[in-house]
Each structure stands twice: as structure tokens, then as C-alpha cells.
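Next up, some structures in C-alpha cells.
Each of the next two complexes has chain A plus one other chain: chain B in the first, chain C in the second.
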Partner chain A sequence: MSPDLESITDTGNKISRRAQITGTANITLGGKTVIQSDVVLRGDLHRLPQRKEDGTMERTPTAISIGRYTVISSGCVLRPPGRNSGGTWRYYGMKVGDNVFVGPNTILSSASISSHVHIGASCTLGDFSIINSNVKILPGTVVPALMVVPPGVVLGGQPARVVGELGEGWGGGGNGVGGGEEAWTEGGELRELVRAIR
Partner chain B sequence: MATPQPTASLRPTPPKRASTVKPILPPPPSTIHPTAVIASHAVLSGTHPITIGAHCIIHPYARIVSAEGPVELQEGVVVWEHGIIEGRGEGVRIGRGVIVESGARIEGEVGEGSLVGQGSIIGVGSVVGKHCKLAPRTILEPQTRIPDFTVVYGANNARRVDTTVRDKAETMTAREKGQQRQMDALRKLVPGNTAKWMT
Partner chain C sequence: MAQQFPYTYYACCINASSSASLVQKRSSHTTTADEEDEDRTFDPRSPRANYSLYPLEHLLYCDDCQQIRCPRCYTEEIVAWYCPSCLFDVPNTQVRTEGNRCQRNCYNCPICTSPLQVNPLEHSSHLAPESSNGASYFLGCPYCNWSSLDIGVEFAKHTGITAQLAKLKTARQSQAKKEREERAENTDSNDNNALNERPTRDDLFSNLKSFYKDALSSANPVNPLSFDPTLYNSPPSVTRLMNLYAPPSVKRAKAAKPTPMREAHSTSEGLLPLSPVDEDMSIARMAQAGWDSLSSTAQRSQQQHPTTKFVQDLWPAQTRLLTRRAKRCATCRHILTKPDSKISSTRYRIRILALDKVPRLSIRALSALHTPHPSFPISVSSTAATAPRFEYENLRPGVMVQFLLTLHNPLFEPIRVTLGTPAVTPGKLASRVTVLCPQFEVGANTDVWDEALNSSTTLSSKGKMQPGDGPVQAEAGKVWERGRNWTSVVVEIVPGFPGGAPTGIVPRTAEEEEELDEEDTVVEVPVFVRFEYEYEHPDAAVFEKMREEEGARVKEVPEMGRQTREVAFWTVLGVGRVAGR
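So, the complex of A and B:
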């Protein structure tokens, strides 16, 4: 671990010192998650706290929550989605699951991304898009706003279309067992990858 | 799931170290309207003048560079994080109410009310008309001309004319109203540090 580049939080998150994070109080990381350099996390774009029925203000809601063993590569932008609702513009929370790999220079504004999703480089995921688990998104894909992606498919194109389905073997193998095999696979457990990044 | 920890609580405490940032150059000669919001992590650099109009919002980590030419942002322009506006030659003018999305790079002129999608590139000397929409990841070669009310989309830069906005005044006003609400919300959420760039 080179102390200049990364810092490790209590729960084992590896966050580059050159990550560009705003509104840290509104971001939760599940642990063992990697945030590489020049990643923008817009935690300041949160839903404004509402006044509860008993007159007190609620806590500021979480803007971005990221699960365990998720890797956000350099140059990515994570920006919570927002829309006009009830006469004002509101931002909504953004959830990213476990074992998600996000390639470099990808821009995410999704409402939710489930676990075991592999997102290639230079993708754009529009506002309020929902990605179900076990999805592979090819590099350069532009997922339109409000798109709901079913589980177990391959997405590609500009705008995104389902270009294939993932078979049974998706995410299998790897896990560091079996000598010459790769330590991790797309859509599989990213524990070994997280461990290798320093 | 482990107890969520805010990223601020770091352990061990990072040691103090010398900054690797290059020596800070004097800020560019800029005219900034007092109602504009410029985040403290936004960067304005260069030697040519930068003009920022009323109610503009420059998000953190956006860059406005006037090293090779002046930049003018008219009223109500929003530049999102990682967006870059570079002045070239005679200068780059961004019209009223233009939204420059994350990761877009602009080196040409953009007309009033246009939307430049995420990761788009507008080449040197290009002119984008009024109320245009560039879909995410659109790449315009240098010297491209896009007429008013055009939508540029898809992998092959297909074009069509947005007749709904062109012909119906109420659509245009509704769109402007929606954008106005977004700007009002952003003004509350984005911490501004405009004074830093006042010269």
C-alpha cells in the first residue's frame, strides 16, 4: 500500500487521495470498495431534508451508497439522478450493489445498480436507469434515462440495446483457486481484484 | 453489510505532506456577475478574459480555460463536473441557458438554450445553433455547423429537427421553467465560492 495514493477507511475502503468527493457526509461505502483517482462522487446533490409530522427535521438522506467489493475506476462521475417533482427539483438517492466493476471515464446517474454488474469504459448511464444483477455493459454504451435493464443480459450500443444474454458460466471460475486461472472474472467476486489494487 | 462509515473518518490519520500542486498562477482577468455560483473546486485558468453572466452555475471540478482565447458564458449557463470550456482564437461564446453536462469538452460556439450531453466534444471553430440537443458522447469534428433546433444522436451522429420545441411556444416555456427550478435547487445545494475568482 503506497501511502501517497490511497487511504484506507475503518471498513477497508481504498480511496485515492486524488478522488474528487463532495458532500462526504451523504455518502456511504459498504467496505472493501475501491475509489480510484479523479473519480467524482457528488454527495452534495442530496434530497433536501423534509420536515417530519412531529415538526422536527429528518436526517439528511444518503445521496450515494455503494456496496462491498465494488471498484470505481479513474475518471468516473457518480451523480445522483434528479427530476422535477411537486413543483421543485429534487435529487434522489443512488444505490450501487456489491461486486460491481465500473470502467474508467464512465458517467453514472442511475437510480440503482444491482450486484455483479460489469460496466465497461466510457459508458454513460442516464438518469434513473435501473440495472439489475448480472449484467454486462460493453464499453462506450449510452444507457438512456429511465431504462430498466433485466438481469442476465449484455448491453451495447448508442443508445443501449440488449445485444446478448449471459450464460450459466457468468461470474463463475476465478476466485483465485486453481493455479493459473485469473484471480477474478467479470461479474464474479471482485475480492481478489480489490486486494490487488494498491 | 458493515456499519456505513462516512469517508471522512480516515485511520490512520494521513501524514502531512508537501503539496504536489504546481505554483498557483494569477487568476485570469475575469468579469463575474455577483449572482453566479462558482464552486471552490472549479478551475478558471488562462490569460485571456473570462466573462461569466448572471445566475451561471459552475460545478466543482469543472474547468474554464482561456489560455488560447477569451471565454464568454452568458446568463444562466450550467457547467457540470469534469466539463471543460476552452477559449480558442476569436473566443468561445456559450449562449443563455446552455447546459454543459459532465465530461463534455467545448472549443466552439454554442447557441442559446442548447444541451450538450455527457462526454460530448465540440471541436474547434464549430457553431452549434440555438435550442439544439447533443446526445451523450456526441463528437463534433472541428468547423461543424449545427442549425437551430437540431438533435444530434446515436453512434453515427444522426440528426433530426426538434419540431415540437420549434413550433410550440408552450413546450419551450415549460422547458425553461423546468430548467429554472433545477437551477434554484442547485443554487441551494452547490456551495459557491465566487469571491475566490473576483479580480
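So, the complex of A and C:
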């Protein structure tokens, strides 16, 4: 393995040595997840710990949590959403589900991205946007802050709007392995893609 | 077209006019495909083809008709309405009374369509406590920074925006009316009276609506525009229904000529007469505020009144509802998909997909082992990053390229496949196509472990392959590679010359150059896929039991037991684009 390629963690996450990760303690990865080179994970931008009833401080809240078989392509920036609340700037957690593909150079500040979401390259997902499961976001889409995207749609444009519906079979058909064809499809299981990435 | 090469489209309803009869022929148990259909090569370049080609995941399958089903041969039924913004399931009754717009607090920006947010109005100083001022909320666009304050709209509460907006609008309309009247008084015009009576747009609409309603009911008691279900009880509507279903000749004789109707004459009937005062006002406003003050066509189309001229008059648009729909086979009426009615669930109660029923075809250049999947534009491994990539966008005319066509079998039975392609592709770019092995078997979609256990025995000729080194020796009549439920065969394609003739021999005229559009450089190969398999009739076991119980009474039913089923369809493989123009 060459030095700039992935290091594999105990839970099977593949993390590029060229990824820029801050606040590692506040980031959880579900396992078998890929973080490619030049990805920026801002784990340092977390919600402030609250004082518990017994007077002690709670643990530092999780800034970014990513599920299993999710691929964050090179050049992406994951910056937890933040807003001005009562005169101070506060950050909130960001949650990314399982089997999510994020294309290269996309900037994420969503509050949550559910499972089986396919995000194209060079998108911008604004603060506190919520992407429901089974959504395809076309390359170059700009999702406004706070936008809620319903499940089963194709999203595109600047600003993003629903441009179509996904076929009933979306995410299916990735069962055949071999024959020189990839075993992963948009919105389907990304286990094989994660396995293939070296 | 933005589609990236290579791609596979499946054809359905190629011959729309005769598809109904075709379907019936096929469904009548004999599964032989229509001969006529087979003889004619499907031409992906024909204007009609646009409406019959789909990616596999968009197609459904009817088990009864044993056919692929596309949007042209299934019907849709709305299962549920929901708001895409607040994900609220809107009851059907509400949709009927309130229309297809979210009645909660969901609004879209009149400028850019982004969903609007209700924001508290932050007071610049701490002097005013929040409770002192009634209006303290506004609608804001997080994308373009439009704010309802731009059009002078504030809200007292952060809920019930629709009701508050409606109130504001009524107030504003009466205000506008007053202004107009004042202006009309000042101007020296002789139609002052008409202007004074000028109703608001909403009034105008209801006037016009009642005018047409009256006109229709008086003109002919049973009007074709009315959908009032109570009318179906009346004898005239029964006659009308009978007319609808009667043979055309009878219908023509009986149909009476409709009496011409009068149009609206006055504002009380909903007519909006051209008012010089209004026009003068608009022109003055345009002259003053300039081009930027005018709304765009797209913005107007979002508005309730599409004649809204000025950005300043654009009103936040209520979010349109979306639907979840069930789909039925148009021929046999069997249900093909039925989603859960709850938006929170992505499950389907019924879902019969084409990709579970017919083999999946995928094509790629034989020399391109590591071309990234178009949807996953990443380099999977370090070797992939450095490996030579096949340029699908840059095929050379007259130079043979070897492609690998792989068929995946989703069925639990092995299938026998026959592929048919025209020797020369239809269209101006006549490319030559040879499938080296047009007849082969594809294994059953059995357990994945079978493959793992049998991996040593899978036939593989990968060793021959040298990426980047000229054509490989692929034997005619033999499959290239085979796995658990997939088989790959080599397809040799010689891309044609754009314009028909090799450039060196016949120089192309400028006219001919012009005739070629971009689409004529795309190499698309129509492939007829026919596959057959043996299957156990699902009722065979039941029937066997019945025979045991009832003895001789049930004698023989030849259709039971193992049967052969044959399915056929056209596909189009987009293998690339010819370069060099």
C-alpha cells in the first residue's frame, strides 16, 4: 500500500492519509466506509457540551456521524451545519446514513442524509438541509439551506428543485458480480464498491 | 443528450398502434413473439424511438402478459398526495376542496423557487421587547435572500401563514382598487364608471366561473365539461354515455351540433376590459423601474395570476403537492406496483420489476478494464488511475473495436439467449456489427456461495487480455467469459463514417456537413434479445394433489408441469461517438 492511500481501521473503514480530519474524537464512522483523499471532515465544529443535572459536563457531542458502506469521494468537505442562535454561532450534528455515495468536490452541511442517497459531483448541500432516503442529486446541484427533500425523487438545478422521480427499480440490479461489470448501482448496496476501492 | 457512454436502453411499445393486438397475441399462452415485429429492425434513430426507450430500472413487468411494461402500456392511479416540503400526507378530500397546494406553511420563493423559511424579525435594537410588536415574522429565501419584507409582508404569528397571507392579499387588493379609482377620477376619461366597478382578480375569476356554469347549463342540460356525478343519474346523461360507447357511425349520426355559446360581456360576467389607465400605470412604472423590475416567464408561470408583470407584485407560491402512484398493466389490468400510502415509508406492497424478470445487458470496451462507472466518477484503485482509459467519445471511423457484452440473469432458472443485430446499424452512420457468439446460455441466479465454491471451475479466458494492445483473438461461436449468472460475449463494431463515405475517397460538400447533426455521430446498436427457460408451473404441486384426491375425475392438463417460456424484446446499446469532424 502506498503511503497516500487508505489506511484501514479496525472496523474496516478506508481512510485516505491525505484526508484532512479535525476533531477526530467527535466523528463516528459506521465501518466499511470510505473517506478518499483531500476530503475535509470538520469534527471540530460540534455542538457545545451541556452541563448535566448533577453539575458535570456531558461528553463532547458527535459532530459528524457516517453510516456503513458510504463513500465520500475526494475533495469533499463535510462541515456540520451552524446558525446564529441567541447572538452566538452554534453548530449542530450532521448525520449521513448507509450506502450513500457522495461524488467528488461536493460540500455538505446537511443536518441529515438518509440511506441510499446518490449525490453527484460538485454539489453544495446547504446548512440543515434534510435528504430523505432513495434520492438522486444530479451533479452541480445547489440545495438551499433548510430544504427538505422527499424520498424517491431526482433533484437538480441551482437552486435545487425536484426534476423527476426515480424508477421503481432504482438501486436494484446490482446483484451480478463479475463479467467485468461493476456490481454496484446508483442507490443500491455499495458493499462491493467499498471492497473494490484500494 | 447528456447520457454517458456506454449505456443500454430497453425498448417497449415500439409499434404503439399495434401494441395492443401484439400484447393480446402474446398473452394467449403461445409465447412466440410476433413474426412481423421480429423481422423489422428497430431503429433507435427514428423519431418514435424517443418514446419507447427506457433504462431498465424504469420498466415494470406483467407476469400475466409476460411482457415488459413502460409508461405507455401501464396506467397510473394516485395512491396518496403529499407535500414535498413538510412531508405531510394530504387526504384526498382536502386535495379535492383545496387544490394541489400545501395548505400548511410551505411556500416557495417567487424569485428562485427555493423553499421559503419563516424567520423571526430581529429588531435592530434591544429597545423593543419582542412582545410589544405584533408583526415579528417574515418569509425568507435561504438561496437568493428574497424576503417577504421586500413586498412589505410581515406576519404576527409563525404558524397559519396561509390564512395571514390571504388576509393581507385581500387588504392589498382593496387598497389597489381604491388607488385606481382615485387615479381614474383625476384622469379625464369618459369611462370612469367602468373603472370604478373594477373588481379584483379573484372576483373576476369567480364571476367568469359562474358565467360559464350558467351558460353551459342553459345551453345544453348535459354538458361535457361537468363532472358532477349526480348527473349520471339523469336520462340525458345515460344517452350521452350510450353515445360514447356506441360504434363511430352511430355516434356521428346522433351527435347534435353544439349550440354556440356567448362569451362574457361585462365585468360582472368576468370580462376584463382593456383599461387605458392600467396600461398607462404599467408603462410609467416600467419606465421608472427599468428592465430588472419585470418578472421572468418562469416566475410568472409560478404565480396564481400569470399576468403578474412586476417583481414587486410576485407573491410567494404555495408548494405544489406530489403524488405516489400505483401502476396497472393497461392490457390485463393487473397491478404492477403499489407503493405504501405513507410518505414516511419507501416500501412497496407490490412491485414487479423488469430487472427481476429479464436479463440485464451491459456493454463496455474489451480493452477498458477500469473505466469508471459513469455514476461513480472516482478512481477505485491506484492501478485504475494509471490504466489507459477507453475513450468512448472518440471512436475512429472504420477502425474495429471489440466490446464485451455481458448478460446477467435475474431468474432462478438458467436461460438460453439468442441475440440478433443488424449487420449494419440503421441511420446515416452505418456501423458494422458482429456478435461473435449470438447464442449462449446464462446460468441461474442461485446462491452467491455457489459461485464462490465453483470459482476455480469458471471458464475464463481473461489471461489472453492485454489492455491497450490491439485486438485480441476472440473465437467466433464461443463465449468470452462465464460466471454464476452471467455470460460475456465479444461484439466487434466497425464505426461508420459520418456522412456515409470515407473522407479520403469522396470529399464531403459543405451541404452534407451541415446535414449531419451531433446525433448522427453516435454509434447505437439495436439488439434483439430472445431468451427462453424452463420453469415449473406454480400450480403444478397443487394440481398434483388435486389429482390424487379426486382420482380419475381430473385427467390431464398438459399445461401443468415443466414448461418452456420465451420472452423477447429490443434493446439499444450506446457504445460511443465517432470523433474527427
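In this text, the second predicted complex is superposed on the first by the 185 of 198 C-alpha atoms of A that agree within 3 Å, B and C clash if a C-alpha of one lies under 4 Å from a C-alpha of the other, contacts with A are read in each partner's own complex, and residues count from 1 in each chain.
We take it that a residue touches a chain if its C-beta (ideal position, glycine included) is under 8 Å from a C-beta of that chain, and two chains touch if they have at least 3 such contacts.
For clarity, every value in this text was computed on a predicted model and none was experimentally measured.
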Quiz item: After superposition on the shared chain, which partner residues are touched by A:142: those of chain B (first), chain C (second), both, or neither?
Solution: both
Quiz item: Which partner does A:57 reach: the first (chain B), the second (chain C), both, or neither?
Solution: neither
Quiz item: Counting only touches as set out at the top, which of chain B and chain C does A:45 meet: first, second, both, neither?
Solution: first
Practice problem: Please work out whether A:159 is in contact with chain B alone, chain C alone, both, or neither, and reply first, second, both or neither. | Solution: both
Quiz prompt | chain A residues contacted in one complex by chain B, in the other by chain C | solution = 126, 142, 159
Practice problem: Show which residues of chain A lie in contact with chain C when the two form their complex. | Solution: 2, 5, 36, 71, 73-74, 101, 103-104, 118, 121, 126, 132-134, 142, 144-153, 159-162, 167-173, 175-182, 184-186, 193, 196-198
Practice problem: State the interface residues of chain B toward chain A in the complex, per the touch definition above. | Solution: 1-11, 14-15, 17, 39, 41, 60-61, 80-82, 102-103, 117-119, 135-137, 153-155, 178, 181-182, 184-186, 188-191
Exercise. Name, in rising order, each residue of chain A that touches chain B in their complex.
Key: 3-4, 7-11, 13, 15, 17, 20-22, 24-25, 27-31, 40, 42, 44-46, 48, 65, 67-68, 75, 77, 79, 82, 84, 87-91, 105, 107, 122, 124, 126, 140, 142, 157-159
Practice problem: Within their complex, state which residues of chain C touch chain A. | Solution: 54-60, 82, 84-87, 109, 112-115, 117, 141-144, 322, 324, 327, 337, 343, 346, 348, 351, 353-356, 360, 362, 364, 369, 373, 375-378, 380-382, 404, 406, 408, 410, 445, 448, 451, 481, 483-488
